[in-house]
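Here's a structure for you.
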Amino acid sequence: MDTPIAAPSLPVRVAVLRSPLAQAAALTALTLGVLVTLLLATGHDPGVALRALARGAFGSWYAFTSATLVRAVPLALTGLAVALAFRAGLLNIGAEGQLLAGAAATAAVLGAFTSVSAVIALPVALLVGMICGALWAGMAALLRQRFGVLEVISTIMLNYVALYLVGWLVRGPLQEPSRIYPQSEGLARAFQLPTLFTGTRLHVGLVLAVGLSTLAWWWLRSTAGGFRLRTVGMNPSAAFTIGRVNVSRVSVWAFLVSGALAGLAGAVELTGVTYALYESISPGYGYTAIAVALLARLNPLGVLGTAVLFGALQAGGNAMQRDAGVPIALVHVVEAIIILLVIAGDRLPATRAERSA
Amino acid sequence: GGEQTAATSDALRVALLTPGPISDQAWNGGAYEGLMAIRDSLGANVSHIQTKTPAEFEENFRQYGAQGYRMVVGHGFEFQDAAARVAPDYPGTIFICTSGDMLGPNLSGMNFAFEEASFQAGMIAARLSTSGVIGAIAGTELPPVRASFTAFERGAKLIRPDIRLLVAYLGTWDDVAAGKEQALALIARGADVVFQNADAAGLGIFAAAKEKNVLTFGANADQNEIAPDHIVGSIVINWPRVMLTVAREVQDSAYRGTLYQFGMRRNMVSLVLNPRFESRIPADLRAQVDSVGTAIVEGRFHDMDDILQPADRPARQNAP
Amino acid sequence: MTASLALSLRGIHKQFGAVRALHDVTLAVRAGTVHALLGENGAGKSTLMRIAFGLVRADRGTVDVLGTTCAPPFTPSMAIAAGVGMVHQHFSLVSAMTVSENIALGSQGRYDPATVHAQVRRIGERTGLVLDPNARVSELPVSAQQRCEIVKALARDARILILDEPTAVLAPDEAQALLAWLRTFVAEHPSHAVVLITHKLRDALAMADDITVLRRGERVAAGVAHTFTEASLADAMLGPGERTHAVQQEVMPRVDAHTDSVGAHHNVITADAIDVRDPRNVLRVRGASFTVRAGEIVGVAAVEGSGQHELLRAVAGMLSIANGRLSAPSDIAFVPEDRHRDALLLDASLTENLALRDAGTRSGRMEWRTLATRTAALLTKRDVRARDAQVNARTLSGGNQQKFILARALDDAPPALIVENPTRGLDFRATADVHDALRDARDAGIAVLLYSSDLDEVLALADRVLALHNGVVHEVPRDRAIVGRAMLGAA
Amino acid sequence: MITPVDDFLAAAVRTATPLALAALGECITERGGVINIGLEGAIICGALAATIAAGTVGGPLGVTAGFTAGALAGVVVTLLFALFTVYLRADQIITGTAITLLSLGFTGLVYKTVYGTTGVGLTIPTIGDVPIPGLSQLPLVGRALFAQPVITYALYAIVPFLAWWFVRTHAGLALRATGESPDAALAAGIQPRTVQALAVLAGGAFAGVAGATLVLAQSGTFVEGMSAGKGFIAIAIVVLGRWTPLGVAGAALLFGGASALQYLFQSLGWREVPYQLFLALPYVLTLLVLARASARSQAPAALARRQLTVG
């Protein structure tokens, strides 16, 4: 039944992009208007602040690679994790915890492998990170299959548990040898992911993120497994009735793969950026990932784009603090307004068209 | 956020990175106060950034280094790995990490002998406690926190060997309600003096002390006025002095790459008693506390030598 | 004249994007009459009535209810207040709520279940539409849901009742009872009126006072019922020269229209004393034994809730059997009754919907290009009206969706086919196409097991009939009276 | 005579109070078919508004002003959320995330503007515990249930009222119908969008009051980010409580109890046990309870129905 409430937006959307230029212009103007007003009201020179934002994100090769793209890597991997799960109809809010599990496992492996060649140790460590991310997600999958516990809630709970687990590990088994600091021992050079360009901090994690996003995009589109996952996400009942798809098996696998990707994000962040396990290793990448994935409409390739957008926002936010003296609170407000305007830009035309229908 | 002052182009430029909000009236707010002192006293151009995740530390250090900041302070042990990686690339910038033990040509750890004043606080707490149970609450367990709590317990035991210390951690530095509830739980177990190092969440501990009429201590800054009838005294780091001392060295090119160890000795850390409690602290105790203080300043006090504080160990050299 | 009109829609235009749903349509419903609204799938019947109920806003035109013009914005709550009640084609009940909660929905102030219970009982006594007010809608059989929809409208003193294909989900007896009641409704209240949307021309001719026919959004005929015949109605609905032999069969179905199977062969499905439990572990089928041979259609006749749902799914391999022995091929094709819930990916292309058929066993790459070609060929072969293979399933009309589903099921010549209410909600042209496809499948040697809540459909298609009552299966002769009695448990 | 059990139970109820308030509001919102992840933002805004209002007005009247301001602030923030999700039908989860970020930043900004770097300290008037004569003397539950601030007592009225309101008023039916099937609601003459908008705003008011409770009945101060994830926990509590007011109250109490147990365990001075184990306890306990009592089937059918197109 097609009431105005649940009208499918797909056919409508096409009619909408009629004058994208005008709409983009109007929206940009609105964005800038709100931001400028806000900055002026708080006594900041909007020109200086917004220039800092742009410079911090894209202003130089270093900023783009080492600030924006370095942040985009974990956002893309966790965003991909969320996108795959959502595509299978699973609300995995637990990428944060799975990331932490992956990072912790990687730190443990590399801590134990000090005498093993990096060529072996590093891939093994990343793999174990993925496996532990998958296992952490697997708990939610198990709770869902066996006990019918909604994954929305179990994954939130598991995020907190993971956080405290890491807190304990860095003060217990994984603590650095002097046993003073709550962190693991810093990785030897050989155990650090190589950087892509000298003079930047951009590491090969980017290649992994781009490669896996592309792979996931291709896999969802072109393989039977990917198609099966999509059928379960679109209509599990039809997938079972017509496709004879083993829905719960597909769900469990999707959950595990999602967890593995988030775990890899943690492993890559540890080996590519922080080089040690800290309690605060993730500034909430796993939560931001949900917005990254949804804004990309759960398209794995789109995730790369939105991850860069969010990475740029955060990189620019740091620069606004550093170079324009904008307090972090205001930086958050600015980031939120930009996100809201992106959402509005996405929905406004569609809404107008739906209303006229 | 840091304010930029109009300064001459060759003015000293100093940056501060804090892991938490500078409105906490404690660890982060104190350092920011120090930064402001540098700006006001030395006419420096200053910048501040709040950044919590290790992933961002290196980027911010590099950006400051590249922009020619002369002194960059990372406010916490967690900053030092990143600082050590960046320092060699920016020899013109001095990197300082609080609670750190790394050392290099342009990299120093800076420690506060928080435990010295904590020891004294413990002595007072033991005497003011009627129940024989005292408590200590922190956000999370960090090296200076642990050292401070150990010293607090030793000080208390010195006065009253049978005293019992209950320690609890909140897992957060800004959940005031959790701070209060944890304090109430300790109070319910008989603790009538609650020591704390919980930054913003510490306000909840003060609120509990007020409500249950027990005693507590301020930490990192002079917090005595927040609950004047219940805060016995505060362990105060004299942030303006600390930060100015280092900044002056940097400005005068007198920086020599040493580990900074600030304690009672140079009056950088002190137990500032709440005047309202002066009368409630018996003279003999007062004398005893003072004599411990003197012994510490004169280097004659060895009861805390085994409490691992980074500066007490040979400094780790920054690997090139 | 106007005064005697209960409902009057004039000059209604409605455009959905590129689709012209209604063009200058007028409908005049006289007080004290039953008015039948006819038309093929997609002709615009539902849209027109949704406009009368305020659910859809017309682009142009006026709506008068009981002599008063309803100025826009005209909303369902205004329609209800004005005395319009609508029973929707796709039920608009909240399945998680009870019957009485659903009936009370939309009022103000306190909700007192006792009052509503009393009201439900009163309406039940007056109309024969009996309901358990405490039952959850999700647990009701469709016929009871249908009653609930009607009682909901009556409980608000609806004076104009609009029923959108109310008989589509009812067993023939239930349908006859409902239609009879509609006549008493207008007979007892001369100021009231009924608009009845149906695909059954015979029902329209027998029950309605007036008839309006829509074709592709336009009114093509209107008048007093006795001025029409089935043939003239069919011509009006289809347009001149469209009445084929198959359609003729559907318009005027006779049991003797049955064509016998070319010849049945070996057993494809053999059930030996099987018990089936539903997912809640309730025993729904007890000791069922039967066979389905290649090249025959076996029809299952049963009233709603007798266990046919579970029986069909057990044979299709989707429910495990609790006891007994079942031998059936593993690649049975299944066409479930709820197309949107169980058979389609509504927001995926037809090609992807075709690929859904073996999504569970497929491996490796998806050959989308091949699949698209195959889909396109299938659309042509089975006369599925869709722009191309890449359009989303949602954009097809119900009839074409059903034809597509059947075509997909038969695409790779399965040994057996199980179909459940295959023509629910379809117009006679689409119904004819579906029936043709089923007979073709049988003639191609496929073993077909068919359930329909419409006994006439079972009798028209089946070579053998199984009567199912309360979970117990008996094979019975293909005789309407005998089958009817067996369905009700009478020997 | 106050026993450790009394203290533990009282702490459980205290901790549960703001969670229950926020979760009841979210329960209303979700029953209308909307999931408001921006709850955290409404809580922190409520907390700041309560701080400013109570501090400005001062005295016992200040507390009333504080709660009122908290509720209003919650409504104002969720108005923005409603605009995006109900009117523009934007994705509820991204919008909620943005609203939370916005609120955390905005409150930090306003706080600093109003109170400077010195902060507000402990100067905000608070409501103390009001023991009910007689009842508070009851064994075991007396102190826990009847020696609490007034806002907790308010819950004793709100929970049964909401439970009644959901099933015994037409407005309650309309709300539930909207969450189950907006189509059906529309056909019954209900305006689903209006209902959803109101449900979101009501949830915001409750969240704002929850934030005010953190300040006025608990800490007596404001700290940036003091909501500390309580909004997310409240959302989990709604699921745990199976979308019914009584269930939500019970779930909040369970979580409050688990937290109180955590505080209690830490206060016992078992130093050998890693403290993180205690901190994780409430979450682990919640998982265990969930595993015992699945909640899948009770979710409103149209909850968070996404406007999202997959590309």
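Brief remarks on what is shown
Think of it as A, B, C and D in the order they're written, each chain with its own count starting at 1.
Heads up, the rule we're going with is that a residue touches a chain if its C-beta (ideal position, glycine included) is under 8 Å from a C-beta of that chain, and two chains touch if they have at least 3 such contacts.
What you see is a predicted model, and the numbers here were worked out from it, not measured in a lab.
Across all inter-chain contacts, the pair with the most C-beta pairs is A-D. Chain centres here are Cα means. That of chain B falls 35 Å from that of chain D. One inter-chain figure worth recording: chain A and chain D are separated by 27 Å, centre to centre, where each centre is the mean of the chain's CA atoms.
Each chain gets one centre point, the mean of its Cα atoms, and the points for chain C and chain D are 46 Å apart.
Spacing of chain B relative to chain C, judged by their CA centroids, is 76 angstrom. For chain C, the set of residues that touch two or more other chains comprises 55, 88, 92, 347.
Annotation for chain A: residues touching 2 or more other chains are 1, 3, 10, 164, 167, 171, 327-328, 330. Shown for chain D are the residues in touch with two or more other chains, namely 108, 112, 183, 186-187, 224, 276, 279, 309-310.
Touching chain pairs in this entry, ordered by label, are A-B, A-C, A-D, B-D, C-D. Residues of chain D that touch chain B in their complex: 2, 4, 7, 11, 14-15, 18, 108, 111-112, 117-119, 121-122, 128, 214, 218-221, 223-226, 228, 259-260, 263-264, 266-269, 271, 275-276, 279.
Within the complex, the chain D residues that touch chain A are 80, 84, 87-91, 93-95, 97-99, 101-102, 104-109, 112-113, 182-183, 186-187, 192-193, 224, 232, 235-236, 239-240, 274, 276-277, 279-280, 283-284, 286-287, 290-292, 294-297, 299, 302, 305, 307-311. On the chain A side of its complex with chain B, the touching residues are 56, 62, 66-67, 70-71, 74, 164, 167, 171, 178-183, 186, 201, 269, 273-276, 278-283, 315, 318-319, 321-328, 330.
Here chain A touches chain D in the complex through residues 1, 3-6, 9-10, 13, 42, 87, 143, 146-150, 152-154, 156-158, 160-161, 164-165, 167-168, 171-172, 287-288, 290-291, 294-299, 302, 327-337, 339-340, 343-344, 346-348, 350-351, 354, going by the rule given at the top. Considering their complex, residues 1-4, 15, 19, 21, 47-56, 58-60, 62-64, 66-67, 77-78, 81, 101, 140-143, 171, 308, 310, 313 of chain B touch chain A.
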